[in-house]
Amino acid sequence: MIIQLHPEIAAAQRSRIGETVAQFGYDAKEVITQHGIYWVCVGTAGFDIRRIGALAGVKDVHRVDAANKLVSRLWKVEDTIIDLGNTIRIGDGSCALMAGPCSVESEEQVADTVAFLVQQNVKIMRGGVFKPRSSPYAFRGLGMEGLRMFAKACRAAGIRIITEVMEQEQIDAMYDYVDVFQVGARNAQNFNLLDALGKTDKPVLLKRGLSGTIDELLAAAEYVFSNGNEQIILCERGIRTYEKAYRNTLDLNAVPVLKEKSHLPVVVDPSHGIGLRAHVPHMALAAVMAGADGLLLEIHAQPEKALSDGQQTLSFAEAASLFSKIKTLEMVRENWMDLWQ
Amino acid sequence: MIIQLHPEIAAAQRSRIGETVAQFGYDAKEVITQHGIYWVCVGTAGFDIRRIGALAGVKDVHRVDAANKLVSRLWKVEDTIIDLGNTIRIGDGSCALMAGPCSVESEEQVADTVAFLVQQNVKIMRGGVFKPRSSPYAFRGLGMEGLRMFAKACRAAGIRIITEVMEQEQIDAMYDYVDVFQVGARNAQNFNLLDALGKTDKPVLLKRGLSGTIDELLAAAEYVFSNGNEQIILCERGIRTYEKAYRNTLDLNAVPVLKEKSHLPVVVDPSHGIGLRAHVPHMALAAVMAGADGLLLEIHAQPEKALSDGQQTLSFAEAASLFSKIKTLEMVRENWMDLWQ
Amino acid sequence: MIIQLHPEIAAAQRSRIGETVAQFGYDAKEVITQHGIYWVCVGTAGFDIRRIGALAGVKDVHRVDAANKLVSRLWKVEDTIIDLGNTIRIGDGSCALMAGPCSVESEEQVADTVAFLVQQNVKIMRGGVFKPRSSPYAFRGLGMEGLRMFAKACRAAGIRIITEVMEQEQIDAMYDYVDVFQVGARNAQNFNLLDALGKTDKPVLLKRGLSGTIDELLAAAEYVFSNGNEQIILCERGIRTYEKAYRNTLDLNAVPVLKEKSHLPVVVDPSHGIGLRAHVPHMALAAVMAGADGLLLEIHAQPEKALSDGQQTLSFAEAASLFSKIKTLEMVRENWMDLWQ
Amino acid sequence: MIIQLHPEIAAAQRSRIGETVAQFGYDAKEVITQHGIYWVCVGTAGFDIRRIGALAGVKDVHRVDAANKLVSRLWKVEDTIIDLGNTIRIGDGSCALMAGPCSVESEEQVADTVAFLVQQNVKIMRGGVFKPRSSPYAFRGLGMEGLRMFAKACRAAGIRIITEVMEQEQIDAMYDYVDVFQVGARNAQNFNLLDALGKTDKPVLLKRGLSGTIDELLAAAEYVFSNGNEQIILCERGIRTYEKAYRNTLDLNAVPVLKEKSHLPVVVDPSHGIGLRAHVPHMALAAVMAGADGLLLEIHAQPEKALSDGQQTLSFAEAASLFSKIKTLEMVRENWMDLWQ
């Protein structure tokens, strides 16, 4: 059960609601976000929830049987839209493009990419400065210094930044330079990090774990939301299966299923999802038709010289060709709104 | 190495080639198909294959390092097109539609479906008469009697039939009534069945195994081809993973990867691939953008009354809406030929 | 519900039972095996089954909620023992050893192996004559000729034979030479083959599919049993997972779980289960402690010269050392009967 | 390549070695641990490593081709033994028992468990105070207060504590109360946490990720070791597969394979590995035969009242019976040292 309170609820009304909830045998957790005050109530007793709805101070009340409550469409039917300012939005029916290198490598690389994105009218740039690497001896990113340089170039061009945060302590330092915090697949169940990101007021993109389930991805989002941050983007990026012909198995089933279960926007990372440069465009376009609210793409002026993930990174020419196809498909699917009800 | 012989090669030329092949330490298997005579030669020695190409009677020779040779694009660059007559083709750049019920249930059901397909201009009907079921107590299909009835209705309407064959002994009996033999996921490595289908002259559609790899699917096709039948269609239908939010995990990565590795057409079964009726259209459209040469779809006049698979079966109204979207996407992708080189 | 009938039930009693079953809304399938007459009744109505038990001609009646009924321990509490004659048994509390080469290769190879098994007091020899191979160009076994030679050598030494049957048509030809028919992992859901083996009176060993579930393995056994053959052995042989450090992932969890759910004996194939010769002994011993009723082991006088699977095949010296350890563990676990209740 | 330096190497010798390494085109990372000074050198050039070995100040040098170097048996052949003082050891050929509740719940619970362990002569107690939970609304452990209470009871009884640490910031606070830091499956690739644990001087037990590979588990250990901490224990705890008959699929193949690849001790958690109380003993005993250096077991005075994981937790009576069987098996396997070479 989710009880949405009036923002200016009086203390007496509040305790009255608390008593009623307890009386029905429910535990309530208060959640205060950018957009509202919610009480998430967990319990098993059956009763007529209108008895809660009728109480003064209650704006709305919903029965939510799913394990993940605040992120569920069972109480919030309309889509959540992430607003990054200046008409840059994720989840508004369009397909938001987020493109950039796997790793931020140099000022020149960032400048080249920014120039390309500006030319292509792409408004969000991705790029890693803290890189989780399976070997401790591999390149682990330029760190905060790289992030400041990255941010400077993007800010000047009106481009938003999405980049990965690996631990709680980095959040404060990164805060001023980041528009969307990305949680990587390897941290998909780092609950302390999720708790901490729930206490910021910037959007958070959650990648599905290496072998994460749909329910686990929603639970990760529930962690963020229940700590106070409603601005969450879900990201399918391929799962680990027995198949070794590609890096991961892109699971596009996840797109319509997540959108049915949750009001949050769902984006797709086809670069990691197939890991083969020649086939990234096919999977990107497939993702659009599956209903993706956005795409996360690895691009590089010279993919063969990228410090990481070159084998799945598009050149600028390939990216430009793909972006134009995506624009076409966006228009096609706009007419097919029966698909998304 | 694949050596393609001139169809009217003389015996002396033939033995001369055989000697040369043996001299280089290769084992040769002769394959005679509808379209040609091939020698598939397995060995490891390196030598200049032009020495084979120069021999009289040799039409062409190709080095094919892949384990699966005859089905590889390494020797046959152009797409294989399956021609079912009367301009009904699979693999010609369009997206061939194959629709029908999971199981053939009754004359009325078949008649309704045929009428719907005729109205929609869909030329191939699917429908099972021998059903592999996980329980010995479940409905196992109408058998040969059902097939005869099914064929009669389709023939009258100019519609082609694709249906599953479960064992070698059924082939002869089914032959006159079937246009495409389907091998189900559970028989994906039934090598005796594959051998036998390689000896027919009708097209064979091979479903990927429940947890079949790309290489195993190609190997199954190699079985059929190397027994003499070049008319093979590969079918992605979802794989078994840890995820339980859907029946299978549709692996659309397989589409561009199979098309890169093989010259055979690749179709997708989104009905089994997600197993959830509401989301079949999204996955069907995604498959088109991934490059599918066709779609296998479960439809039924009254899905809720279907004897099997009702939960993933589209109603006629849903199917009609989807077919029209697919037509639109087909036209869109026709302009994007750079995707398929 | 399973109704066990008296073997000499009168026709009138039989139809009386049939009427009562139908009256409760159940469908009954009659199963006649080596050991009894059963009616497997499928339905959902709740009623007091003692009303069936009280009818004349009924020996016993059990409610069996599981999907797989005849193989379930819900109606047959005591272990099924497979008796191969001359005190050779599988499922009697001991750990039956089945050893031999992957493929039967030559008379000399068979003679060497038989001599070794006799010396080691191992009573069952494995060896393939029909080999399912992923490539159509690989060695596919010596066929019937090999089987006759294999059988001659084993019969002379009092050794039983287990070998794989790949299709229904082979059953009759193989019948005289085989003591246990093995169904391979790739045919685990070849329902026509299972039906046919259910009509023989020789024991059948069912390997779990490449990514077969526990329920699917039991369903395969239900196919055999419901066709009339109670002599079934279940075999865990490793499953397909994302892990590539070994050929398969041996799933020993399956052993106690299968033994809890079913009365059938459960054996383990550690050779395929790990696929690495040096570690086969560890996994064999682990299987004994997990409760295996037997082990299927690949051995060869010269593993490095084996025509197939050499990398997972034990030499005779390694096998002898392992056999003696297994004997020790058998005695140890005999004292721990609390583990198996 | 791993170069082991003399502990009191002179600065001049050090720079001489550095120059030689660089001259061969290698990058060197210096690692200073409890036991030595190592230079881990990454590069691809081939040269005679004796040229390094001959330099003054070099104790030993080894070519290590594996991606994970310091944890590899390629340079350190003898087993690493974790010494917890007072003759409590992991990795010395015995099977170390670590038992206790999933979560520390109360003083009484801890006291009962400690008393039981003392009586059973079990020297290491497990128990969680920070619990990673898939739902943010579930019980998340007693935290530091619980840990202090837990430690007090164990210290008084001479029992060592192993408990999970979830993030870097907890390390200092927990340090005084913990004997072995456990990293949970969900943090298996939390590289910042691994880095930080590499800087402590207490042993670290690394659980394999939910779908972690053998190589990833070794890489996690390489993170810890390369930060300066050699005291690492690897733990197999079941992997995520398609099979839903049990919570996880215990992968005992991992035990001999990890022990072959690495010098680190390998322990098994059969409680999580099968997740079914009745079958935990079978899997524990199987793990002993697979070669486990220890077992992590969930036990509780009243499993049915445990706050978490009750369905896989042994009662004290069940645990006592299992411990005695494990002791027997330990003696049996001691005689089979040929298994572990």
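By written order: A, B, C and D. Residues from 1 in each chain.
In this section, a contact is a pair of C-beta atoms (placed from the backbone, for glycine too) under 8 Å apart; a residue touches a chain by one contact, two chains touch by 3 or more.
Small disclaimer: the values here were computed from a predicted structure and weren't measured.
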{"item": "Lowest number of touching-chain links that must be crossed from chain A to chain D", "value": "1"}
{"item": "Result of counting contacting C-beta pairs for B-C and B-D, higher pair", "value": "B-C"}
{"item": "Centre-to-centre distance between chain D and chain B (centres being mean Cα positions), rounded to whole Å", "value": "49"}
{"item": "Whole-Å gap separating chain A and chain B, where each centre is the average of the chain's CA atoms", "value": "38"}
{"item": "Chain centre separation (chain B, chain C; CA means) in Å", "value": "34"}
{"item": "Residue numbers of chain D (touch at least two other chains)", "value": "211, 215, 240-242, 244"}
{"item": "Complex contacts: residues of chain D adjacent to chain C", "value": "211, 213-215, 239, 241-246, 249-257, 260, 273-274, 276, 278-279, 281-283, 285-291, 321, 325, 328-329, 332, 336, 338-339"}
{"item": "Contact set on chain A toward chain D in their complex", "value": "27, 29, 40, 42, 67-68, 132-137, 166-169, 186-187, 189-193, 195, 209-211, 215-216, 219, 222-223, 226-227, 240"}
{"item": "Residues of chain A touching chain C in the complex", "value": "211, 240-242, 244"}
